[in-house]
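Two complexes, one shared chain (subunit A), two partners (subunit B, subunit C).
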Partner chain A sequence: MFFLIVAGSLGMLMRTQLATPNENFLNPFTYDQVVTLHGLLMILWVLTPLAAGLANYIVPLQIGAKDLTFPRLNATSYWTYLFSGLLLVGTVFLPGGSANTGWTLYAPLNTIQFSPQPGATLAILALALFAVSVTISSINFITTIVKKRAKGVTWTRLPIFTWSILMTMALALFAFPPLAAGLTLLTTDRIFGTVFFSSTQGGSILWDELFWFFGHPEVYIVVLPALGIIAEVFMTFSKRPLFARKIFIAELAAVTILSVGVWMHHMFTTGVNFDVLQAFSITTMAISIPFEGLVVGLVLTLYKSRIKLSAPMLYCLAAMFTVTLGGVTGVLQAFPVLDYAFRGTYWIVGHFHYVMAGTALFALIAGLYYWWPKITKRKYNESFAKITFVISFIGFNALYFPYFFLLDMPRRIATYSILSGWASLNFDATVGAFIFGPAILLTLLNLILSYRKNESSEANPWDSKEMEWTGDYSGTAEASTTKDNSIQSKNGDKS
Partner chain B sequence: MPQPIPNSTADWNNLFNLSAIIAVIAVVIVIGVMVFFAVKYREKKGQSKFIPQIGLSRSRAREAVIFASISIILLASLTVASYRLTPNARFPPPVSQSLVIDVTAYQWNFKFTYPNGAQTIGECYIPANKSIIFNVTSSDVMHNFGLMDFRVKIDAIPGRYNVIGVTTPSLDGNSQLNYTIRCYELCGSIHSYMMAPLTIMDPTVFNYWLANQTATNATLPGG
Partner chain C sequence: MNDDEHTEKSKSSYMPLIIASGVAIFLLGLAIYIPVLVAGLIIIVAAVYKMFKDGAAEKFSGTKETPEEETYPLESVTNEKLGLWIFLASEILIFGSLIIAYAYVRVNSGSWPIATQTHNVFLGMTNTIILLTSSLAMILSLYAIRQGNVKGLKIGLGSAFALGIAFLVIKLGFEWPELISKGFTITSGLPASTYYVLTGLHAVHVAVGLVAVGYLIFRAYSLGFTSSKHIAVENVGLYWHFVDIVWMFLFPLFYLI
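For the complex of A and B:
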């Protein structure tokens, strides 16, 4: 939460700087640091752990375990995470500032020759610590889900959110080691003067490969829990079983596996052999197919249902909109030829903010609201939540939709000329930011106030059939209530 | 006179428009259906207790395969369409028929070296109606040589030469055409200002200009 506010404020700083051409609110070097920290904090220290934090509460409840298998590892992971985040934020105050390379930390700008400040070295160490924290956590979650399920929680009955966390953690276990390796090499480059990435013999491309081998799965590490949350919320608020549940799980698995084979679509302009690019273009399109299946499955879940449009449901509907828009723009980027134009522009920024800030953040807020009564036993203010939802959805689109029209504006520029013709769209985006940012703050305020007010909630306020609410893991109670339900639950398991 | 649109840009725009239309249709269908369901099946006051119908819980393998096939066909046809465009940028006509310009990006400018050894800094001149090959490298950090008016970009990577080709349009009655080359990869503090005007001239004027450039700019910065 703290990191969300810090990183969000950094985003606001950037938008303020870009509101008008030739603005001097931040100097270029400061702007570069702000860009870097905003990216790193939002992706790694906000979105990834928010999902892990929710999972920490919900996964044991969903599988009927008391806690994660290794409570101490869990604590280690949490404190490592917190320390690494504070370390990263702290680097700003060092003389010379923090890393100024963007969150992608491209070589050789990340080497000591081009960013000599000690803050950059510390930022890299903070990242490495974060990788350690994630690795610990992922082992803990995988072990828990595999080994600690209550009797009756079979693989077919395992809730979708737990499935998505299982896949996320497996992916994290696979994706973070290359990053950790890259960071270690980079640290020795910076401290001991080795020449892994400062070498002109491929050092730059080597970093690209290592980074994106981590970087693309990371997107799915952020998005998979979001899909899990959407599925849970859709089922509860539409009172229907998930459409084609087994296929849904298979599609989640397909996305997880394919996501480690698409990293080179971030490198279409690095001069890599064109046949290789075509191959990665095809894998990228291949991943869109199970992904599309997931979205369609979620939409069809609502068919002939009874929908209660509470705040979590509204957030999930919004997340579905952003994931669809972010998804199709991603498919366009999968064509190397089209990507020649998209590369490094605000189109890309728009695309991944729809996926990250839209889908992941909206779904995580939905998850927070949805499980809030379970976690805190408190009721949040429903109409306040709906109002902040409307404000944040409008602000979000005003902020990020113009980016799709800024097709020739380079990313990460600190300022632009009035002649570029980018001014009005940028101003629009800044207005959106000043709507979206406060709306997120109000959302947090709502949750904090509800905790303070101490208005207790009933045990199952949504009338959900899911195991973490009913507390029934055996699967017998739901089958015996009515005949219709028994048929439904049987079929639900089979489908 | 309006500036003519380069062929590569026209092709790009066509492919983009086609895929964007398909994308917009897909979004409208998915979101439209979702919103329709959300409105149609929303809970109303005074409804009897809801018992979900079981019709949808059976296996959905057939539907999944149909959905997947539709998208595979769409994506495959777009891929084939995109193949037609690739030769322009990555496989330009042979060097013998092209003007080859070496581009060295450095913090924070571009240096252009012409076949006769002449060099310009921060500005580039090329003839109209000609295949141009940019041979792009960097002398310090990673940059990007981006010519958005032609819809092409290539990374400028230290120790590596990347080739990108464009075919310049004819002048169409203009005395010259003006475009901008920009850096599209964060390369340090002055990244925002790293750009170079690209001027397309009449071939005769260009040859005259080139012949009058001296090749003795050895003291130029950047390598």
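For the complex of A and C:
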């Protein structure tokens, strides 16, 4: 299962490179394609699988299982994921280029009339294949977590990260089928000439509904594992149990359930009627309550504790900072009035990059660092890791913080005139991007270098009390030996 | 890393890779150049055939269950069955979304053709009865094998298979050509779009079900099921009933109202 994580990171490298839109180099059509691919790849093919890859290794260890329930389905899921990614990237090389619709693929721009290139069709099919891959893997994870827990790992003792993955996978199971349905309709529209999204009776609103019913839960599919990782890291480095653990799990569940009821807030400006507007405004504010509860729980875990500031901890603290900022800017959107003003501006871009690129990516890197000694039996270079952290945090903020001041700059424009007064802030952001990107590369380099070095790490370098480190699932000797054996055999293969 | 990959692979097979690449090539062909699609299809069919020969149920079954596991609250459900139920949940969501999309465009449309005038209710009703009967046949075959009656199993599966084929023949061989000759083609507007996509997707599910039932028949003749070893019959049956139930929704929605 380890190569899954490596391929995930490699994919991320490739995709990070793909995804630097340079606003002066590209013509508008190319720019649109880059925006589309950046969004799709980053959200779906990088953040989601990176969490799934980590989970693939960590969840069985945390629950004391040897592997996921269906190893072959797991492989199928991985390969479909890989090929769907290749198909999507491959669309760039087709005549006419790739999809240029933005990652939301809004109708009617996604119909054959407005984007006739076959690359757009292929991108849609790649997305459908990805949905299949996610569905397969969520079946596998849910079955595993429900059925494969070692003796003693009862629901109340289930580690937080596993809980968060369980919620994530349940959410994925709920969110991706409607997307698949929407994509089916879109594909038949494009290939067989049905008229779902080009007609006035269905059209763009139908697509919006189907897409955002998937799209908003997808945000939580990305964020929940991040929160799980943060919780694990906080517990280990503050040597404290999680503050109000049961409430924390309940809040996770509340966020999961509420997240399927807020999709309309992406559509406040589409002319939905006032009652609907109010209802979704309320659910959007409602979801922020358990979410803030999660953040408070995490902060209180640290309160008055002795924190060891290792790299994973630093990344998690950074993620906490960004989730707070991203969350606060997000709650403001719950008010339709403000949403009318802000939508389609760089304010929104700043908001979701703080949540996605900030929280999710930082937390996932923290997870990689944190479990790296467990996965590879190697210790990465700690001071190198701290330096890259500082660089990437500075770069990140230089990149995205200016967006909050670009309140009046529309998103998705390929270029702007000097008169608009956006130039200096944009320049700042670009400089930030060129700090942030290489910093992420350095981070991965650090991990890869440590993997190649033959310096093995001790079994429990963080001195953690969590089950996957101690190997003690309620003290049953048998469970821990099987687990050690499986790890030894895995490592024996590698060296 | 390569070693790790190999040990993983030797435990399983290259099948997942082959299937995934087959599907990818299939989609590539669908989007760009239709002949490529055929190549993908050949790969998929070959892979499925190979799995038939090796016994797909073993290949894709879960890791062994041991009694030393916490399984609360689903102690009595096997891993495979739980996985299948979760899969069916995702299927319900797909068809649910599509049916809601259908309701949405229909409510938004000012005029909609009267169902009983467009569609042949007699053929639709016949198909409904055929599917229900095939579900009955599946249940009877499960009962038969529970008592160790292999002959009953073969008869049950065979009639379920034949009824499934009959359903597809009526649908694709009689109904669709009739509709198309009336000018009710896939490009002729939303009533036709929704009809063809929903019933078409359902027909694809029936076809997949037929492959699964075909596999059961193959197994019944070669490796054999026994009264204690017949989990595949039950699981395929679950899927078959699900496809049946979907039709129970589609039939009134399209043919009657």
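Just so it is clear, the second predicted complex is superposed on the first by the 449 of 495 C-alpha atoms of A that agree within 3 Å, B and C clash if a C-alpha of one lies under 4 Å from a C-alpha of the other, contacts with A are read in each partner's own complex, and residues count from 1 in each chain.
Keep this in mind: a contact is a pair of C-beta atoms (placed from the backbone, for glycine too) under 8 Å apart; a residue touches a chain by one contact, two chains touch by 3 or more.
A quick note: this is a predicted structure, and the numbers were derived from the prediction, not measured.
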{"item": "Overlay on subunit A: subunit C relative to subunit B, clash or fit", "value": "fit"}
{"item": "First, second, both or neither for A:76, with subunit B first and subunit C second", "value": "second"}
{"item": "Which superposed partner A:324 touches (first subunit B, second subunit C, both, neither)", "value": "first"}
{"item": "First (subunit B), second (subunit C), both or neither touched by A:240", "value": "first"}
{"item": "Which of subunit B and subunit C A:435 touches, first, second, both or neither", "value": "neither"}
{"item": "First (subunit B), second (subunit C), both or neither touched by A:282", "value": "first"}
{"item": "First (subunit B), second (subunit C), both or neither touched by A:345", "value": "first"}
{"item": "First, second, both or neither for A:305, with subunit B first and subunit C second", "value": "first"}
{"item": "A:174 touches, of subunit B and subunit C: first, second, both or neither?", "value": "second"}
{"item": "Where subunit B and subunit C come nearest after superposition, their Cα distance in Å", "value": "11"}
{"item": "Subunit A positions touched by subunit B in one structure and by subunit C in the second", "value": "199, 201-202, 494"}
{"item": "List of subunit C residues in touch with subunit A within their complex", "value": "1, 3-9, 11-13, 15-17, 19-21, 23-24, 27-28, 30-32, 59-63, 65, 68-72, 74, 79, 82-83, 86-87, 89-91, 93-98, 101, 104-105, 108-110, 186-187, 189-190, 192-194, 196-197, 201"}
{"item": "Subunit B-touching residues of subunit A, taken from the complex the two chains share", "value": "28-29, 32, 35, 100-102, 106-109, 114, 199-205, 238-241, 243-244, 246-247, 269-271, 274, 281-282, 285, 288-290, 292-293, 295-297, 299-300, 302-309, 317, 320-321, 324-325, 328-329, 331-332, 335-338, 340-341, 343-345, 407-408, 410-416, 482, 484-485, 487-488, 491-492, 494-495"}
{"item": "Contact footprint of subunit C on subunit A as seen in their complex", "value": "1-3, 6, 65-73, 75-76, 78-80, 82-84, 86-87, 90, 94, 118, 121-122, 125-126, 128-129, 132, 135, 138-140, 142-143, 146-155, 173-174, 176-178, 180-182, 184-185, 187-188, 191-196, 199, 201-202, 206, 209-210, 213, 476, 478-479, 490, 493-494"}
{"item": "Interfacial residue positions of subunit B with respect to subunit A in the complex", "value": "12, 15-16, 19-20, 23-24, 26-27, 30-31, 33-35, 37-38, 41-43, 47, 50-61, 63-64, 67-68, 71-72, 75, 78-79, 82, 85-86, 89-91, 107, 140-142, 144, 146, 148, 151-155, 157-163, 182-192"}
